[in-house]
Amino acid sequence: MAPFINHRQWTVEWGQCDPAGIVFNSRFFEVFDVSTWLLFEAALGVKAHELAKTFNIVGIPLVDARANFLKPAKLGDVVEIASQVTEFRRSSFEVEHRLSVNGELTVEGSETRVWATRDKIDPEKFGAVAIPADVVARLSRA
Amino acid sequence: MAPFINHRQWTVEWGQCDPAGIVFNSRFFEVFDVSTWLLFEAALGVKAHELAKTFNIVGIPLVDARANFLKPAKLGDVVEIASQVTEFRRSSFEVEHRLSVNGELTVEGSETRVWATRDKIDPEKFGAVAIPADVVARLSRA
Amino acid sequence: MAPFINHRQWTVEWGQCDPAGIVFNSRFFEVFDVSTWLLFEAALGVKAHELAKTFNIVGIPLVDARANFLKPAKLGDVVEIASQVTEFRRSSFEVEHRLSVNGELTVEGSETRVWATRDKIDPEKFGAVAIPADVVARLSRA
Amino acid sequence: MAPFINHRQWTVEWGQCDPAGIVFNSRFFEVFDVSTWLLFEAALGVKAHELAKTFNIVGIPLVDARANFLKPAKLGDVVEIASQVTEFRRSSFEVEHRLSVNGELTVEGSETRVWATRDKIDPEKFGAVAIPADVVARLSRA
């Protein structure tokens, strides 16, 4: 697989930094989340708020998230973000986000998400269903 | 009116502070919001997640919010919060939050909220309806 | 005064919305803060993280913030933001942010900020000093 | 090792939930961070804002964070949090946070943190130093 990679930029804001003057850890997970939505938008041509309706799912809930903080990012840093799906399974997939500042890898994040639908019997519950072949194809080609 | 006043405490967290080492402004508005829910819970005996169902409303959306920052609050500060409804109109009301550290007023906040129901004709729209007399009574007595 | 107006765009993210599906109030105050930094950067040519050093101040702390929520903003909305300084006093100033979606005013925000320096006697304290004429001039011309 | 375990409670707030009505992922990482500070406070008797000064460090920066989301947590849920250090190495350590609702494990989080001091030659850099034996001892006994 030669995954579709979405590139975007994020300039670190004052309100995202902690008393040490660097980005507070939870902010990176916000950035990962947005980056995944934008990756899907870029690859599928479907905006975040139309994804559920378009594919008849409830969404792509997160079941696992991880970040490795290699270097701190600080106020004003221009962070380059490269996001891609690194693995597709039947109904779940892995997203990887690589954040760099001045060409140096700063944070590596990854998310495990599920292609989720509402349970037919109990609408309070979610179920994982097979990811459409077209979605896999569009996120898998360079 | 001798309003019902709800008192609670909040200890300032690392992730709520900015590079100047003080609470970032938006965090106070999060604190105001929680304080209003807890004021209603204390006065009405109805928890936040049961308010809409109990009163057959969609919620108490905010139409205006204001804060006056008199002194900075910093990491580890134990903030005393006193919240009360200062005015009821037919379908809207004013909530005031007074935040103190070591007995000194630090931040004063206020919110204008609406007692909102779903529009009968267009379910996408909200409408303001009269606040029940019992709700007014419970939030108005000391 | 024909103020310098900075225009920018913000697309509402999933993590910025609450269970009602609309932007949670505190997020607007984050947006106002960034918008002020970007207004200063556009008018003065000085980036947020260099403002303090460039002007020998500790920053532009907020002493008052207000928002009027006219219409809800929801996931995927593309919000047009117009920010300007509407008034300069000796050592404080007013910033106004007008947020529109599809040409309709959605939220109006305003901030009162101080041009602050560190107290010469007690470095723990801040003092308000006169705003440089050049700063006033650059933010005041169209 | 029979680690010191700190127990605390967190009631899920409206502003912490997303349009699906469940806690937005980044909020859990805020909760982990606070939980670590409170674990240290409970075990060492040193408050968050005094930790750096007490031990002559710059802090306990995060180098890795992970969360496994087993079940969603929703508005009003009372979350029981159990936090402990599960491993000490020379200058880094692992913190584990187990979050339960109604006795069922909801989220498991873990953080890798460093006992960090300022570099003697380049004050812009941090270095990892040996964790004091007393700190290890206090966090290791039940």
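As written, the chains take the letters A, B, C and D, and residue 1 is the first residue of each chain.
As a working rule, a contact is a pair of C-beta atoms (placed from the backbone, for glycine too) under 8 Å apart; a residue touches a chain by one contact, two chains touch by 3 or more.
Just so it is clear, the structure is predicted and the values come from calculations on it, not from any experiment.
**Q** Is the number of contacting C-beta pairs greater for B-D or for C-D?
**A** Result of the comparison of B-D and C-D: B-D.
**Q** Using C-alpha centroids, which chain lies at the maximum separation from subunit D?
**A** Most remote chain from subunit D, centroid-wise, comes out as C.
**Q** Taking shared residue numbers divided by all residue numbers at the interface, is the value for subunit A and subunit C over half (same) or under half (different)?
**A** same
**Q** Distance between subunit C and subunit D based on Cα centroids, please, to the nearest Å.
**A** 33
**Q** If you average the CA atoms of subunit B and of subunit D, how far apart do the two points sit, in angstrom?
**A** Averaging C-alpha atoms per chain gives centres 29 Å apart.
**Q** Would you mind listing the residues of subunit A that make contact with two or more other chains?
**A** 14-15, 20, 24-26, 30, 33, 75
**Q** Can you list the subunit A residues touching subunit D in their complex?
**A** Those residues of subunit A that touch subunit D are 20, 24-27, 29-30, 33, 58-59, 61-69, 72.
**Q** Which bits of subunit D are touching subunit B when the two form their complex?
**A** Going through subunit D, the ones touching subunit B are 13-15, 30, 33-34, 37, 47-50, 74-76.
**Q** Across the complex, what residues on subunit C touch subunit D?
**A** 14-15, 17-21, 24-26, 75
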